[in-house]
Amino acid sequence: MQLGIVGLGRMGGNIARRLMRDGHHTVVHDRHAPAIDTLLAEGAKGANDLAALVQQLDKPRAVWVMLPAGEATEQTIAQLADLLEADDVIIDGGNTFYKDDIRRAQHLAERQLHYVDVGTSGGVWGLERGYCMMIGGEQAVFERLEPLFASLAPGEGDIPRTRGRSGPSARAEKGYIHAGPPGAGHYVKMVHNGIEYGLMQAYAEGFDILKSKASDSLPADQRFDLNLPEIAEVWRRGSVVTSWLLDLSADALVADPQLGSYSGSVSDSGEGRWTIDAAVEQAVPVPVLSSALFARFRSRQQQGTYGDKLLSAMRFGFGGHVEKSE
Amino acid sequence: MQLGIVGLGRMGGNIARRLMRDGHHTVVHDRHAPAIDTLLAEGAKGANDLAALVQQLDKPRAVWVMLPAGEATEQTIAQLADLLEADDVIIDGGNTFYKDDIRRAQHLAERQLHYVDVGTSGGVWGLERGYCMMIGGEQAVFERLEPLFASLAPGEGDIPRTRGRSGPSARAEKGYIHAGPPGAGHYVKMVHNGIEYGLMQAYAEGFDILKSKASDSLPADQRFDLNLPEIAEVWRRGSVVTSWLLDLSADALVADPQLGSYSGSVSDSGEGRWTIDAAVEQAVPVPVLSSALFARFRSRQQQGTYGDKLLSAMRFGFGGHVEKSE
Amino acid sequence: MQLGIVGLGRMGGNIARRLMRDGHHTVVHDRHAPAIDTLLAEGAKGANDLAALVQQLDKPRAVWVMLPAGEATEQTIAQLADLLEADDVIIDGGNTFYKDDIRRAQHLAERQLHYVDVGTSGGVWGLERGYCMMIGGEQAVFERLEPLFASLAPGEGDIPRTRGRSGPSARAEKGYIHAGPPGAGHYVKMVHNGIEYGLMQAYAEGFDILKSKASDSLPADQRFDLNLPEIAEVWRRGSVVTSWLLDLSADALVADPQLGSYSGSVSDSGEGRWTIDAAVEQAVPVPVLSSALFARFRSRQQQGTYGDKLLSAMRFGFGGHVEKSE
Amino acid sequence: MQLGIVGLGRMGGNIARRLMRDGHHTVVHDRHAPAIDTLLAEGAKGANDLAALVQQLDKPRAVWVMLPAGEATEQTIAQLADLLEADDVIIDGGNTFYKDDIRRAQHLAERQLHYVDVGTSGGVWGLERGYCMMIGGEQAVFERLEPLFASLAPGEGDIPRTRGRSGPSARAEKGYIHAGPPGAGHYVKMVHNGIEYGLMQAYAEGFDILKSKASDSLPADQRFDLNLPEIAEVWRRGSVVTSWLLDLSADALVADPQLGSYSGSVSDSGEGRWTIDAAVEQAVPVPVLSSALFARFRSRQQQGTYGDKLLSAMRFGFGGHVEKSE
């Protein structure tokens, strides 16, 4: 198949590569010309602007926008909407808020254009392992584009089959699903990231306990000189907490058990926040997912927070307690 | 009545004073002699050691130990046990873990001695306002000591009577209760402090949100230049969140809206931790009380935690994300 | 002064009453005619529809809308906007989301109309105690309406003055503040309610621990037969956790220590949710306020949640654990 | 090697089997005779009581106790201590609290006996996949027993090697570690289970959000008819949240997307609670691990909690709010 791709950062570039490896044709654009040249050398066609990109695609066209969520994506989709024709498809592969997807899809539908949202997980490993994709959009449009998704997905690989499944592989077993109408793909991806934060924080807290048990500040008879890289490694073998995130933790701990190259200031992306907003909107209690997000917020405030200062002020007020450094 | 008091820090000294104001007699001891002299000048009898203190008391004796919980209290009680005689009473007014009370009471009972645990709230304000007391011990012993508790307690004051109460004031309305057998006093005080942490953190988080809404880092059109001292003040008048802790917050915010003299490193005492342990033991979910404790733990780690570093390491592992400073 | 009031429920009716007691004139409307008649009998003027209400007011007019937040308020304001004239003021005294205030104020400003948002706390007690008010709007408009706010507010009462305050009483000390531009009033009220949830949950968890310690299911030697009404009462006297919410708890516990008339299904209003959304938007960690909200969500699911069932399914998967009833 | 095994439940029996498959000799005892007979038929020697078991073992002996933590294990170890001789080893493979291990090891050392604690993960899958083991004890004793651990462990399998590791496989890569002195094995296993709870709750909350988004109670235009089995499946392919727990979730969801055979009443074991106690003792903030534990506590209270009833009572007190069923 043929696909236009706008945005050739790490994700966009690798999507083009993985598609071309599987025999698809790509027409690519990026506002930085060298990014186009790199892909040209790997077999893509290039376009210096969106109009040129649209012109080089056969109807009905499909254009994958792979840009930072927010203004960049919004504007590009607006421009494409003016250039495309009835029955063409715009695919947003970024980290868009699902309500923006719904709004856009309605707006584009008035112009006979289709909108598909693709939530992808896999990050820097996608080129090699394939992209896990959660896709929202009309059923017929999803099916039209399915050869692209099948090429981008990881496929069955050597992952043991889920108990109770039989017959030919379902799409999900190949690594992509049609989650529902526009917005559903990013909705599922949003929750995926919410879970991801929770899983990560569970490991972080556990290793924090282990680390603290090995601390010099404990009396020697209460201390265990635990070897954290070995603990992460052994848990990879048959324990209940095996996971890819544990594998990555083991990698990092082997490289440096002190994790000294990190400051511990942890960013968060929109999805983690939107997951909490969605839970609040739907009245679902999410103590773990929210705690994980708040731990990240707190990690970025290396100074005492205003709230903490107020605690100290109250303690001074009722008990005369003066802050001690520890 | 007559009472021996061991430990003349802020709490012990003021307990002696408040009792003497109400006509009781005190025999006091402290390992720092000047503390004894101060009380002598105010009408107390002094004792240079525990034996001298015991000798100056009439049988059945009552000795109030007002020392830091842990070793200091433990050893003093052991020494008193050797000096006292059948039917005498040891009162622990410190912040002792209630299971230690139970153990001690059983041990002292074997020697015909009584044990009373008194959880007190009121801190630096106790001399003036009186002490709110939660008392554990045998019923008859509690009643024997009741004149002391009545003098130490705040009394009815001008606090409006609870709807549905009638007749003469109950002890609780005067500011002290017999909570149950040995340990029950400190148990109730422990939970009091657990609640205290939760209340304080609720205000801290709320004012943190308000402060952040006034932050220069927000675009001007999303900012409200909120006046936090005025907000604390207005909430003292008829709002649902009125409380003594809010009064203290208002005091602090008037003195300095930036709370600049505090670093935000917040200590915690045993009670807050034991409350969580008790809840875990009793299988009671306490998300708010535990979150409040953990916020204090976190407040004391001004550097990135090991757990936060592991989060950064995982993010680098799956997404190539490099930490940004914000 | 003169004020139009739309919506004569408990809040609206009592606002009219409290204003009239202080010599103000009110013109009132409600879609239920008997509500109007009741106020007529107490000295108000009545209006059968919004047009009649507007006609009976002198310019520049002020109309207080006291309706459920959402559609009812939105439509009434839209209708009033068509009836009012330049320099008139619409006051929204309901529980509106502050971003809706900002939007409305901008829209009304295009028509030379003013918008004031009033967050009120005090509930059923307002008529008697006065309303604590947090007010958003233009400074000049706020000042124009100030006599009304002064009458509605509780005044200084017999609340001890905040340490460090001197001179004549500030507005906040009388029970109302000008929090900032449109939206600021409801923003501050929103955070007030977020704090309220946190405070309430702190007491709830503490009393849950106490209750569980008195449970028959514990072995007798681990049980304390705690008297919860007495504990709530004693904490009202000089303890750190004194508050109005504790007073109300004491009322309820005296009436029935088992709280048997309540099922424990706890509603939440928009403000509690919006507080979490605001914290997430502003990247402020709010573990206590969010835990309090989630406890309410959970309280309404008397059946096992889907998430809990998934936990059971996983446990069965890795350990063969079968659910036990307890 | 030769090993005595006491306790032939699912774990003990399969440990005997896995050892015998690898050529080791076992002498087994269980208080239920049929359990012994079953193992006899598979090649073990049997013993009708502990004395007989000890007699059939060569010196220095090793006896693995595989009983429920608590009294059963405690008494068996006490009896074995009386039967064993200098340099013999007692292994506790159960879920013992690590401070009990330390106490026991000190006590046994006075009698020249060794104590080894083995935390195992793998549950019902251990016979087939091998047991992941975290082992505490003296270095020399650990090494003496190492052939047993090597047989019980999963081995390297086909798990990709951790980046940065080279040379011959470390013990951890084979699935067992010497974590430290007595108690260290169970300490690490304890934290493992704490993490396990956190991971499980993260998935539970995520799927709860997804389920609720598909709920009939939502207006059709806000609903996504999400297919949860397909979502679990697709996440197994290249997503960041892949894990064994996700595999098990996928199994369960294929079998019944409604999880209708589960009530959602979720048990917890000692380790999850001790992890929180350890974190509190070590002043490590663990919002996610504690939230996960509390969610389990709450799952078992299908009735409204006392705390929730108090919330309702307070709401009635300040606002006249009457509970609504939803």
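Letters A, B, C and D mark the chains as written, and numbering starts fresh at 1 in each.
Please note the rule applied: contacts are C-beta pairs under 8 Å (C-beta built on N, C-alpha and C of every residue); 3 or more make two chains touch, one makes a residue touch a chain.
Source: prediction; values computed, not measured.
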Far-end chain from chain A, centres as C-alpha averages: B
Numbering shared by both copies at the chain D-chain A contact, with half separating same from different: same
Inter-chain centre distance, chain A versus chain B - centres from mean C-alpha coordinates, in Å: 47
Where chain A and chain D are represented by their mean Cα positions, the distance between them in whole Å: 31
Distance between the centres, which are taken as Cα means, of chain C and chain A, whole angstrom: 39
Multi-partner residues of chain B (each touching 2 or more other chains): 123, 125, 201, 203, 205, 208, 212, 240, 244-245, 251, 283-287, 291, 294-295, 298, 300, 305, 318
In the complex with chain C, residue positions of chain D that touch it: 10, 123-125, 200-201, 203-205, 207-208, 211-212, 244-245, 248-249, 251-253, 259, 262-267, 287, 291, 295-296, 298-300, 302-321, 323-326
Chain D residues within the chain B interface of the complex: 240, 268, 273, 276-277, 280-281, 283-287, 290-291, 293-295, 297-298, 300, 305, 318
Parts of chain C lying in touch with chain B, wherever the complex brings them together: 121-123, 125-126, 129-134, 153-157, 159-160, 162-165, 170-177, 179-181, 183-184, 187-188, 191-199, 201-203, 205-206, 208-210, 212-213, 218, 224-227, 229-231, 233-247, 250-251, 254-255, 275, 278-279, 282-289, 291-292, 294-295
